[in-house]
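Both complexes below contain chain A, partnered by chain B and then by chain C.
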Partner chain A sequence: MALLEVEALGVVIDSPRGPLEILRDVGFALESGRILGIVGESGSGKTMTALALMGLLPPGARAQGSVRLGGRELLRLDEHALCRLRGDRVAMIFQEPMSALNPLQPVGAQIAEPLRLHRKMPAAKAAAEARRLLARVHLPDPDRLAAAFPHQLSGGQRQRVMIAMALACGPDLLVADEPTTALDVTVQAQILDLLVELVEETGMSLILVSHDLAAVAETADEVLVLYGGTVVEHAPVAAMLRHRAHPYTQGLFAARPATGLFRAIPGSVPDLAALPPGCRFADRCPLAIAACGDGPPPLGLVGPGHRAACIRLEAAAATAEAS
Partner chain B sequence: MLFFLLKRLAGLVATLAAATLVVFLVLEVLPGDPAQVMLGTEARPEQVAALRHELGLDRPAPQRYVAWIGGMLRGDLGRSYTYQVPVAELVGERLLVTVPLALLAMALTTALALGLGVYAAAHQGQAGDLGVMGLTQLGIAVPNFWFAFLLILLFAVHLGWFPSGGFPGWGAGIGAALKALLLPALALAVVQAAILARITRSAVLDILGEDFIRTARAKGNSRARALWRHALRNALVPVVTIMGLQFASLLAGTIIVENVFTLPGLGRLVFQAITQHDLIVIQDVVVLLAGLVILINFAVDLLYLAIDPRLRRR
Partner chain C sequence: MTPPLLAVEELVRRYRRPRAFPWRRGEAVAALSGVSFAIARGRSLGIVGESGSGKSTLARLVMGFERPDAGRVLFMGEDLAEAPPARLRQLRRGLQMVFQDPVGSLDPRHRVGRIVGEPLDMLDGAARGDRSARVAAALRSVGLGASDAQRYPHEFSGGQRQRIAIARALITRPALIVADEPVSALDVSVQAQVLAVMKALAAEHEVTYLLISHDLAVIAYVTVDVAVMYRGAIVETGPTAAVLERPLHPYSQALKEAAPRLVAGRRRHRTRPAAPPGEPAAAGRGCAYAERCPLAQPRCREEAPALREVAPGRRAACHFP
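Right, the complex of A and B next:
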């Protein structure tokens, strides 16, 4: 049994324009000690997927389907049980290290908080443990740093503090939502290295949400590609580097060298209030045919552990061959 | 940090000096001879001349200003013309009524506002929130003198729990004195508490939307714990700013409320001094009130430092 099993995960959110289906039928499994990269354009639902796993969806949003951690169904847990899980078995780090830390608390106290909450550790012991965690994320002079306030640290240092905080209780799963996007390029690589090192050391699983395909290719074991709130392709990294099966993923990789981002695919992400009944990529897809609008394309097997949601996989394979 | 404090302290002294100068100049340029104003129109010229001499009005203005400031620094505020006692004595007694009254009103304001504001923010959009918002709307709309009459009617006249006015003095025991101050303090506090509750609510709601609250929740804090442990202190900066401003309003409000409740405080003294043209008393009390407000602003600066480490840098 995999550590994390997500099946048919959907998220619907109430909006002034009516209910919006932000995620539909997202499914994947993640073994202990493995790293899953989630990629996709802005607005594709990466953050919503991460928040749904944490049970921290914004007000007005409902999750359906199934999320099992170590066999335990998270979507049916009450708030009290979720609070005991968050920061203990599952932890999360965010994109903006500037604003993700409490500006009025010394960072040592913030790192110690999960230990006080979940382990009921006495203050002095939790503070000592916080200093040990600071050393573990390779921050120099932990004794001095523990007493520092967030504004006294650099962006990279703050993200290390966030990681130390997430690590405090030794979680089974760490969800990192674009942990390096806000950082300098050189610092980005260091943070990713640190995450990989910690996964190897602790055996926890990591979900790495990212804009950066190269970063994911280097760090992750497998990749999940989201488009318009649906999974379009899911593959081991090595297989994905050899062959992109879905026209969207192909576009994504082709677009990368030019800008480093995904914008170069013509068109824009679908409007969630006016989703097509069929393939959500149809209006931007160079291979689209009438049948693509009939219904959601099922995820078909392309190779071992490699799936893609497209009804024209052969045609897509042929164009990939040609280019 | 020490530099910051010294800078603020220097600013405090400068503001106070400016306040004395403004008060002095205003009375200086005001049309009419102060001695004439104090004695009224029927006074005989030799009476006026005698008073002018007594008040030192026959000396040049800069000399009088220096004498006035010098006297204040020595604790000599001059003599009240109408009461014929040293102003320092007059003011000293009344400070012991007005300052406790304002502090009590501020304490009531803070307790009511923080309680209601945080409660409303925690229950945003629910019945409790709507109730608090409605109540505060009412509190802001009702003038405090009208509320004072209402309190007197209900708690003093009808129920007889509190005196309807007057002050027994601190010699009568702390309990009796506080009892006499409670209704007036409440009358003063209602409007300010209503305003502050709204500000507290929106400040807390702002902070609850911040990223670090989401971090707190991801660590396993319940919604309520995240509010108390992480949101509240961050929300205090705007709240404390408004509290500083409100203290000035409260002091101004004592003029009306002390008259309604016949409390022998500074507000009532100012009121009487104005009706009796006792310029010396007016001058001194206005400077004193300004000094209190400036002192409170200094306290607010210190509170900022205590709340927010980012301000402690310089």
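Right, the complex of A and C next:
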């Protein structure tokens, strides 16, 4: 049994025009010690997926489907049970550590908080453990840093503090939502290296949510590509680098200036208030036919562990071959 | 000899930190400490650097939004800070800017036609005559239609809005456009729209760019030359292709190495080097990068390296390039 099993996960929000299915039919399984990357552009549903896993959806949004952690169904847990789980078995880090940290409390005390809450650890012991965690995320001079306030730290240091806090109780799963987007390139590389190092040493699983295909490719074991709230492709990273099955994934690769092709995908990301009944990429897809609008395309197998949701996979494979 | 399109000479800009105590003045920090370069017509220059490198300060000084504490900015041989108001207006036509945020930089209450035509209003009456034709031409140059002039900014996607901002910059037929992170707020799938428009304009309208970006791939696509900045100074400069292929300064090398690459599991299962010693340079002396540099020698902490020619056409500020 995999550590995390997600089946038919959906998120519905109420709008004046009725319920909107902003996330539809997301499924994957994640083993211990593995890294899953979730890639998508704005409105793809990547952050909604992360929040739904954590039971942190905003008011008005409902999750449906199934999320099982170690066999236990999370979507039917009440808030009290979720609170006991979050920060203990599952932890999350965010894009902007400054807004996730309390500006009025020294960072050492903030890292100690989950230990005192979940482990009922006495204050002195928790403070000592916080300093050990600061050293664990390679922050220099942990004794001095534990007494520092968030505004006295750099962006990279603040993200390391967030990671230390997330690690405090030794979680089974860490969800990182765009953890390096607000950081400089060299600092981003260091934070990704730190996350990989922690996965390899502790055996926890990591879900890395990012808009950056390359950052995910070099960090994760497998990747889930989301578009307009649906999974368009799911594959081991190496398999996807060899062969992009879905026209959207192909377009995303070609849209990077680093590649020789370099062309934009025409149009723009879909409006979540006006999602089409069929394939959500059809209006931008060079291979779209009338049948693409009929209904959601099923996830078809294109290789070992490699699936893509498209009814034009053969045509897409032919274009990939040609370019 | 014709002067370069833009020449920046020994530019210095200091800011004061907020005061730590009410009775003390804030400490002065140099955002730019003696930056010089020149851009010839047709040789777009990319500026790469991380936060705090001074690249956005540089853009503001070039545009004349702020005065330097020392040094000069010469546009077509003339110092904008010295030019009389009438001459300044003339020169300003040739110099435009595109900002990072395509939402904040377009007035939501104005139609696109008014936004794009606005720079014409500060020109003399003769140029104002064919306003709607000029607006339509500018919109067409960025891949939009003449009828889009009647619409409002919110009706456009992010990529289209950034192209509207480029049309507004283009309308005075500028020789130089300063673009500060023009695509970093956009989704990956539409960045190419904007970059392709920028590149086409360089060829068709003889626009030269001063392009500021943290993304090496963006710099590589648009520019001919590149300058790498670190803490207010240029540490390396040269032809873009050569610098990105084989960077000579340790900081440029670190930037290239850190940039995400489509290599499966590059960060997985590898031995990690121990963190660099991180010994800071003696106050006010030495190389600013020495504390992060894996190759730093004792000399680097004593003596600041000057930007000098280290290979044909290549300059770097390093004792051991």
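The rule is short, and it goes like this: the second predicted complex is superposed on the first by the 314 of 323 C-alpha atoms of A that agree within 3 Å, B and C clash if a C-alpha of one lies under 4 Å from a C-alpha of the other, contacts with A are read in each partner's own complex, and residues count from 1 in each chain.
By definition in this document, a contact is a pair of C-beta atoms (placed from the backbone, for glycine too) under 8 Å apart; a residue touches a chain by one contact, two chains touch by 3 or more.
Predicted model only: the values in this text are computed from it and were never measured.
Novice: After the superposition on A, what does A:Pro142 contact: first (chain B), second (chain C), both or neither?
Specialist: Once the two structures are laid over each other on A, A:Pro142 reaches no partner at all.
Novice: Which holds for A:Val237: it touches chain B only (first), chain C only (second), both, or neither?
Specialist: second
Novice: Give one of first, second, both or neither to describe whether A:Glu79 is in contact with chain B, with chain C, with both, or with none.
Specialist: So A:Glu79 only meets chain B here.
Novice: Check whether A:His151 is in contact with chain B, with chain C, with both or with neither, and answer first, second, both or neither.
Specialist: first
Novice: What is the contact status of A:Pro171 with respect to chain B (first) and chain C (second): first, second, both, or neither?
Specialist: Touch status of A:Pro171: no partner.
Novice: Once chain A of both complexes is superposed, is A:Phe94 in touch with chain B (first), chain C (second), both, or neither?
Specialist: first
Novice: Have a look and say if chain B or chain C is in touch with more residues of chain A.
Specialist: C
Novice: Could you list, by residue number, the parts of chain C that touch chain A in their complex?
Specialist: Chain C reaches chain A through residues 50-51, 157-160, 187-193, 195-196, 214-215, 217-218, 220-221, 254-255, 257-269, 272, 275, 278.
Novice: Going by the contact rule set out above, which residues of chain B touch chain A in the complex?
Specialist: 210-212, 214-223, 230, 233-234, 307-310
Novice: If you look only at chain A, which of its residues touch chain B in the complex?
Specialist: The contact residues of chain A facing chain B are 54, 56, 79-80, 83-88, 91-92, 94, 96, 99-105, 113-114, 117-118, 149, 151, 162, 165-166.
Novice: If you look only at chain A, which of its residues touch chain C in the complex?
Specialist: Residues 35, 41-42, 138, 140, 155, 184-189, 192-193, 196-197, 200, 211-215, 217-221, 237-238, 241, 251-253, 255-258, 262-265, 267-269 of chain A touch chain C in their complex.
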